[in-house]
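Worksheet for the structure shown next.
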Amino acid sequence: MSASDFVFGEDIVSAACEKVGDRLLVKVGEKEYLFQPIGENLFSTNVNGAACIIGVVEDGGTYFVDIDSVLLEVTEPSEDGFAGGAGGLAGEKDKVFAPMPGKIVKVLVGVGDEVALRQSMAIVEAMKMENVIVSRAAGRVKAVNFAPGDQVDTESPIIELELDE
Amino acid sequence: MNKLFKKILVANRSEIAIRVMNACRTLGIPAVAVYSDADAKSKHRLQADESIHIGASPPRESYLDIEKIIAAAKQTGCDAIHPGYGFLAENPTFAGRCAEEKIAFIGPSPDAIALLGNKVASRTKMADAGVPLIPGMKGTETDLDVYREAAETAGYPVMIKAAAGGGGKGMRVVHDAEGLADAVDAARREAKNAFDDDTVYLEKYIINPRHIEFQIMADHHGNTVHVFERECSIQRRHQKIIEETPSMALDYDTRARMGADAVRVAQAAGYTNAGTVEFLYDKSGHYYFLEMNTRIQVEHPVTEMVTGVDLVIEQIRVAAGLPLSDHFRNLSQRGHAIECRIYAEDGEDNFMPSTGRIACYREPTGPGIRVDSGVTAGTEVTIDYDPIMAKLIAHAPTRELAISKMIDALHNYKILGVKTSKKFMVDVLSHPEFAAGRTYTDFIEKNMADRKLDMEQFRELAVAVAAASSFGGRRPQAAAADSGAGRVSIWRSVGSWQVGDLIHE
Amino acid sequence: MNKLFKKILVANRSEIAIRVMNACRTLGIPAVAVYSDADAKSKHRLQADESIHIGASPPRESYLDIEKIIAAAKQTGCDAIHPGYGFLAENPTFAGRCAEEKIAFIGPSPDAIALLGNKVASRTKMADAGVPLIPGMKGTETDLDVYREAAETAGYPVMIKAAAGGGGKGMRVVHDAEGLADAVDAARREAKNAFDDDTVYLEKYIINPRHIEFQIMADHHGNTVHVFERECSIQRRHQKIIEETPSMALDYDTRARMGADAVRVAQAAGYTNAGTVEFLYDKSGHYYFLEMNTRIQVEHPVTEMVTGVDLVIEQIRVAAGLPLSDHFRNLSQRGHAIECRIYAEDGEDNFMPSTGRIACYREPTGPGIRVDSGVTAGTEVTIDYDPIMAKLIAHAPTRELAISKMIDALHNYKILGVKTSKKFMVDVLSHPEFAAGRTYTDFIEKNMADRKLDMEQFRELAVAVAAASSFGGRRPQAAAADSGAGRVSIWRSVGSWQVGDLIHE
Amino acid sequence: MSASDFVFGEDIVSAACEKVGDRLLVKVGEKEYLFQPIGENLFSTNVNGAACIIGVVEDGGTYFVDIDSVLLEVTEPSEDGFAGGAGGLAGEKDKVFAPMPGKIVKVLVGVGDEVALRQSMAIVEAMKMENVIVSRAAGRVKAVNFAPGDQVDTESPIIELELDE
């Protein structure tokens, strides 16, 4: 039996694995799941008598999981207990950057707001597409550096946070 | 097989470029891809027989640059260009430049493109040809009284539209006489800004119609046929996401009348090659000509599966001057086909664009399943282009079976790393109103507005899967990067799920 | 959709089991797989909703063990069994046992299977029904004079066949009167040994005919239809490798007459469900009833693609007591479909069986391409079962385009680790005699006998590819093992091609 | 430029690789090939103006290569200059074994015959399939231990060779 922690949404969830023949039994809280590996990136499990084929891949610290056509993200907790997030340095989680240069469409928070992990912070338009920028840690908004209509690059933080302890 | 062309340049990218190159291979014609910086490692480039770099990632500097495309065709000795859809496909200047260079443009003539691209001019033309139009003004006017009179005759609500319109710009719905003047002014200003042409006109606003279109194919020998309808009423933000054929709304007679009108539209425009005549079909069973799209349509595969034709191969044949293939003289619909567009967007968050790297990619297979895809494992989905990644098509003897097949195929389509609307589409397809065929353009607004997926229900299972996949200390890792050059390292290190420990421990 | 059955057990393996389970999913019916030791990690087992282990790898101890299959069905609460093809599909005892257990057998009645499994009895029956038979004896005889007289009437060469025949056993071609007595004796001995039944009979030996068969579908309400023909003349060692439909040999009238005769055969036998009536079609345009196969046929997909029906779904509906679906009353052929059987065999060395691990597996895709496969990356191909790994099917508006598509798809089908006849089939499809439709059962003998692929021509390129793939010190490694339990470690260590060095070095 | 040796058929062939942009230039004797990697296990190269997609995978010491629908095998030379061959210990190349238990259908060589690498040595039937057993080294036949009709297991050599030096 091997147990480990994962981050789902804002929560840390613990799971314990055990091998049962050629399947894996996983316990999460009260629930138990039996998985049959069926090749690279695929597990099969039985839901209400029908096989449910689940896809999973680990990429850049995130487990992408397809269940019932929904894409879910599970991460491994970083040292400070938060998900690593793509691209961010651990020490920079208090800053919210645009992932690509673009124009601010909307800022969704104001100074002083309480912010949860992965909360939507701003919408940035790039090449006619709108992109939602989310927080990589929970905290309180310390500064909002841009307004709708402003051009942003990827170097200047749009929003700065004071992180929760 | 006699080669219809020496070599064809495909002036497009992603799934439609790959679809066209597939047709070229079947015909034994080499195909040349063009690609921008962002597409240096893209599937369409790497599958081509030859490829030419045409510039930076912004479309204006590459896929929309007429002279670069023409130069690429001349450099590689191409005697034909297939424009796909979007980009330069409906640009009469581009079609004209091809003609000047004696390169066959695989599509209609520049004149037909220009005529059908102007909503007012084509409306006038089609009125003369006797095609049913949305009640309203026949041409454009500047006198507000003419608008007022037309609105009274048609009945409110009405719509002000830009002649050069597209993408919802220069469009205003007016609910009563009071708002009319302001709406006309606003539409004019917007049209001027967007298209440098302030021509607008008025027509009745058809409330929640069905969107039904007819596929047209016409050769240079006077033969014009329709290849039946597609219903494309399931839209979000005016963008189609699910299309099907046959339409549940049409009986034999209506289909025949609409098909004949669609042929009339094409003939009135002097149309050749593949095109699509769009109609609105209202709840009382009236239909109205909306516009003609002068290109191969995104949703053409449903027509192919139900009628057994190959529209892209036929486009190439027609462009080479051949008459329509024999089987186009004896067309029939058989079974039912549905297409789901797989966009990089978050179906659980208001269809917000989604970007990222496709770390794992598995297409569904099975009888009657077709996937037209522009991506593969390792593709970086960026914000440079249209977010369509692939199209999933299911064909079965009946609509009920096609729906069931499609739902199964959506579940078995694994695109890990980028969000899609797969689950949203499963829910549309599973909705009793969809099953009943009550598909109107407000379907999503009306039936899906309250939909809210509880992500928390997946908490334990998702964590369990992550735990299972990391069991034994090894992770199910992402595939090699095949595309999306430049931005993130596309030559990332690659691994694979090692499960040796499970047994050998 | 009302569930036709509570649960279906699929009494087969590999591609046909997967095909049947796919149909079950479309119909919303859970499917139970059975598997032997060798198939513990096989694709058909792992995709099933449930699976039951039924014994050791030899078929006699698992897939041919009637009582184990029945027990598995009862244990899992199945109310129907689909037998696929091969194994127990044409075993009247098995069909009878299902009936005793009140489990629906998805196929014809035990009586129809028994009748059509006996060549002499069915020959007598069909002669009475007015179906054209190969000239020869109507029934069996022991008196040698009867054989002599029948041979004189039919004209030499003639063939002695076992009533219980199959697989070429108990068969003898006789070229003149002198050899007749010995041949009858030899055939009798062989038949006695092979089938424990020394009943033989004589018929004319048809020299190099076409092999043309008609698909039949019949319900329990008196409706019997044919779903047109398949031509299966391209055979090696009496085993079909390429099938197509329509047959180039048939005109409208002949097709209609043969189709009507095929229906007559089914009706005379009291046939229900899917079956196939096989004819020989000689060079002067005569056709003769050969036998009826009382199961779904390997090559059924070409029929599905050209007629738009789903034969397996229809099998399940018919077995549930439903009348034939509406679309079976209005069938038509559209376009052309070809199937290539992908066997684990060496097409460059006299079709010697090939075994091994599929280290890399990629299916071709594209409009009109279908792959019915029983293998995947990691599958161990062993010698336990029939060597068919997959079927590749191409459908296009014309035969010429279908051939071209098929060749392209064969090239894009990558099965690395096990030899196949892909290249051999490319060469058959590229042969001018094939293009001309001159497909007779001696096609390979006559046109491919001198074929000898010069492997040396690939020396430099093959080595260059190996060098390229090992460049940077890393190798393009094999995929995870998914199947082939037990013999080699199925949980081999897994890797993936790492190309990081190419850029980062 | 990096050069290495491979075994094709009975020959050792040398190849030299070089990176040219994102492609690989490979020289084998007088011939040059330019390969474009197009994802895992696939290369593209241009043959007479058309793209030829080549599949390649390395498994158990053998490179399986699909060119023009033909499956080819290339191996890395073992220390003694021969291909490793599947399953065989280097010291046992002088013995020819059946890969699975079965019945001898035919023995294709006699004592004293000269034998090349990968030459067909015997045909063994197992489960109604005929399997050709090939030599894993060149040499001369020293002993033939079974005759047609005999049952063989995987432990007893069917044929023994005296290896070439």
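Note that the chains are named A, B, C and D in the order they appear, and that numbering of residues resets to 1 at the start of each chain.
Please note the rule applied: a contact is a pair of C-beta atoms (placed from the backbone, for glycine too) under 8 Å apart; a residue touches a chain by one contact, two chains touch by 3 or more.
This one's a predicted model, so the numbers in the text were calculated from it and none came from an experiment.
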Greatest separation from chain C - chain, by CA centre: A
Comparison of A-B and A-C (more C-beta pairs in contact): A-B
Euclidean distance of C-alpha centroids - chain A vs chain C, Å: 49
Distance between the centres, which are taken as Cα means, of chain D and chain C, whole angstrom: 32
Length of the line joining the C-alpha centres of chain B and chain C, rounded to whole Å: 39
Chain B: positions in contact with at least two other chains: 477, 479-480, 494, 496-497, 499, 502-503
Touching two or more other chains - residues of chain D: 22, 40, 53
Contact set on chain C toward chain D in their complex: 58, 348-349, 352-353, 355, 357, 359-360, 362, 383-385, 387, 410-420, 422-423, 426, 453, 455-456, 458-471, 475-479, 496-497, 499, 502-503
Partner chain B, residues of chain C touching it in the complex: 1, 19, 22, 25-28, 301, 304, 308-310, 313, 325, 327, 332, 334-335, 363, 365-368, 370-373, 395-398, 400-401, 404-405, 408, 477, 479-480, 489-500, 502-504
Complex contact set, residues of chain D against chain B: 22, 36, 38-40, 44, 46, 49-51, 53
Of all residues in chain C, those that touch chain A in their complex: 30, 40-41, 46-50, 376-378, 479-480, 482, 494
For the chain A and chain B complex, residues of the former touching the latter: 2, 4, 6, 8-9, 11, 13, 15-17, 19, 22, 24, 26-29, 31, 33, 35, 37, 40-43, 52-60, 63-72, 74, 76, 86, 99-100, 102, 126-127, 129-132
